[in-house]
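Structure in structure tokens, see below.
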Amino acid sequence: MDFLVSVLEQGLIYGIMALGVYITYKILDFPDLSVDGTFPLGAAITAAMIKMGVNPYLTLLIAFAVGLCAGACTGLIHVKFKVRDLLSGIIMMTGLYTVNLYIAGTNNVPLFSSETIFRNEMLKKMFGETVPKWLDIVIILIIVLICKILLDLYMKTQSGYLLRAVGDNDVIVTSLAKDKGNVKILGLAISNGLVALSGCVFAQQSKVFDISMGTGALVIGLASVIIGLSFFKKMSFVKTTTAVIVGSIFYKLCVALALKFAGATATKLITAILFLVILIVSVDRKRKVKVNA
Amino acid sequence: MKKRVLAVVLGMSMMAAMLTGCGGKGDSSSASGSGEKTYTIGISQFAEHGSLDNCREGFIEGLKEEGLEEGKNLKIVVNNADADPGTAAQIADGFVNDKVDLICAIATPSAQAAYNAAMETDIPVIYTAVTNPIAAELANDDKSPVGNVSGTSDELPVEAQLKMIREILPDAKTIGILYTTSEANSVYSIEQYEKLAEDYGFTIEKAGITNTSEIQLAATDLLGKVDCLTNLTDNTVVSALPTVLGLANEKGIPVFGSEIEQVRIGCLAAEGIEYTQLGKDTGKMAAKVLKGEAKASEMNYELITESSLYVNEKVAENLGITVPDTMKERAVETFTEITE
Amino acid sequence: MLELKNIHKYYNPGTINEMCLFENFNLKIEDGQFVSVVGSNGSGKTSMLNLICGSIPLDSGSVVIDGKDIAKEKEFKRNQYIGRVFQNPAMGTCPSMTIAENMALADNKGKIYGLRLGKNKLRMDYYRENLRQLGLGLEDKMDVKVGVLSGGQRQAMALLMSTMTPIRFLILDEHTAALDPKTADLIMELTDKVVKEKKLTTIMVTHNLRYAVEYGDRLLMLHQGKAVMDCAGKEKESVQIEQILGKFNEISIECGN
């Protein structure tokens, strides 16, 4: 039970990032490497602000806004300066490394003695001196649900339609008399906003910012998106956003299982095999459905 | 259909791998002596790295010296986070869920993750290879623990190093240090050097870099201003140490190291930390906690009791420097060649 | 009125592959005209459309609409008053969005794409009515993804979508070329109907000489960036396919093949 709860916590936190990666990778068809920089960016800005005494709940919004700006920068580099998609991500990722260090002041900022969204005076007043552990997952779940619902709603707006159209067929966006570049910038901004928000929640949950937390973030996000989407491909009643979040939980479950059973050295290999099994099983089911139909 | 079979085969082989993986450990716990309690320790190592590996081995040895032996009355689970804080958090959660008797965390991010996960339980956390536990908020300013967490720091023996440099180079005035601005440990060590340098009649000339590509320029510039260089455990600089050594040798400027490996590859000498020894010290702390002789929440973190001197005679010969015989005798290890 | 004035366009300028496409090209299209453009490959038909729409830049010259030079205007801005249907049916619709969503997307052209709900329930009946007129049964598949429709169905939708909002010009870029003959006929009939209904100024590039003769009130034949044949009104009505074919052969002989 505890095992599942901690997997859920981690999976849901990274699920917010997976939502962001889903926008760039699946909707915009843009391999956005800036994620490796914006995930710790969210964490860095959170750590710095919490140390300054900013209300932890406010940091959620600020981290999102800062990520939004960083994503817009990636978009501007790509659209306005005509830099290739991968390269604009790499440029942002590289630059953000230093920016993150500058914001946080150092490569490791612990928040053990600071207020977070999980442990603060307000919650202590509500729940007593020791805030119950189950509250963590509840808070995370609320944040994830808000992100998911808002994203779902956004995708149903006119602006959201345009965003979906630009990845689908950017010619039509031009035909609709809209600048496809601006739509891409918007998409990248929202995506990186979510990624930074995920970094913000992660920093508060693990109570530390560490510069190394961005390394491989995009890979985790991509794996979550692909696992989620292929697993739920034929279940049309499952929204893609839900699938992506579940994908993230699966990812963390694979890692947790590998850690639990594989010992110190084979973790990555076992994680990889688990992914492969999930993907093969889901591909197999797709085919069966087709045969039956 | 074929694919499904393949998937099942893969899954089965994975299960087999898991079983063999656990099997060994299972045996060890069942082999424990009757009546005696078997302890379970979760070791969370942040990354695969020579010094950290030595730490881990030393830790297990230290426990053994205190009568806690793997396979007899001790079960050890080792996990490696592969340098990802997210994984480090999952490892720590996993250990807490498995209700291990003690978590040993190697390196700062793992230590913080372990402390965070175990914070509201009674599982003690013993860390090692955390350079600055105070900055990591694992200890208060007076070195007392912030919770049920204690351990050892791999802070450089700066004073011993300065003493050694003075002994070998009686006339030197300026010591140069290359460091990476993003590495908190390096920044901390520099502060220590600047604080203590005056006592030994040195001034410190530092040059900060942000990545490996800047080393060549920074080192060339720095070498024009100093009598010798000393090295920290800075990951970026250490990875490019051969470049620095090459430049320094051209000018005949001695470079001092901070650990055994650096002396092996061409630093003149080092007052360094023996990570195996550090691990052993940590293991003994852990044993005390497990046996109930002490509480992690009441133990201050410890620095290594004595630094170890390493000398490379070949380098001394090349530079035309004579290392005092007393030092040669004191040295834990003396190299007579340069391994590149 | 649409005017192309002194258009110059070179491909690969300054390189060994430099190729002059248009040199001092001029064309005037009156409001309400339906111009069919024919010509061999490389004659500049599609390039002309791209220059009008701004998909490729001009070297010099001007594109004038109602006395205003739009040559500097960006492609997406020009599309405010231009509707375009491409040869490839996939380019006029969004495959992963449903029919209703595609219709709603097109319906909002020229307005702000803001945070209002994309699908306006009140407009659904209007969309259905529009789709019904295609006679393809699409009105009953409002929630089906466009990606699963056939090329002809998609092209019909693309035509509908590009003419849904008020536009000045309709640009048809070989829009029947990728379809089978029967579907092509259907799309062509639909096109004619829409153009007549909305009184659109239309430029249609086609390889199908029959369509060029049958539809439209002006016929233009391009060759090596020049209009070698241009007839309108009565003169156009009397043009026979054989005449055009004859002209084609003449050109080919001139070229030496």
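Chains here go by letter, A, B and C, matching the order in which they are written, and residues are numbered from 1 within each.
Assume a contact is a pair of C-beta atoms (placed from the backbone, for glycine too) under 8 Å apart; a residue touches a chain by one contact, two chains touch by 3 or more.
Worth saying up front: this structure is predicted, and the values here are computed from it rather than measured.
**Student:** Going by the touch rule set out above, what shape does the chain contact graph take here: line, ring, star, complete or other?
**Tutor:** Contact map by chain: line.
**Student:** State which chain is most central when centres are taken as means of Cα atoms.
**Tutor:** If one averages C-alpha positions chain by chain, the most central is A.
**Student:** Could you put a whole-Å number on the gap between the CA centroids of chain A and chain C?
**Tutor:** A distance of 42 Å separates the two centres.
**Student:** Find the geometric centre of each of chain B and chain C from their Cα atoms only, then give the gap between the two centres in Å, rounded to an integer.
**Tutor:** 70
**Student:** With centres defined as the mean C-alpha position, give me the chain A-chain B separation in Å.
**Tutor:** 32
**Student:** Along chain C, where are the residues that touch chain A in the complex?
**Tutor:** So the residues of chain C in touch with chain A come to 74-77, 79-80, 83-84, 86, 90-97, 101, 104-106, 108-110, 112-119, 162.
**Student:** List the residues on chain A that touch chain B in their complex, please.
**Tutor:** Residues in contact with chain B: 2-3, 6-7, 9-10, 14, 97-98, 101, 106-108, 110-113, 130, 133, 202, 205-208, 210-213, 215-216, 220, 252, 255-256, 259-268, 270, 273-274, 276-277, 280-281, 283-284.
**Student:** Considering the complex alone, what residue numbers of chain A touch chain C?
**Tutor:** My answer: residues 154, 156-162, 164-165, 168-169, 171-180.
**Student:** Give every residue of chain B touching chain A within the complex, in rising order.
**Tutor:** Interface residues on the chain B side: 1, 3-4, 6-7, 10-11, 13-14, 17-18, 21-22, 45, 77-80, 82-87, 89-91, 93-94, 96-98, 108-109, 112-113, 115-116, 119-120, 135-138, 146, 181-184, 187, 210.
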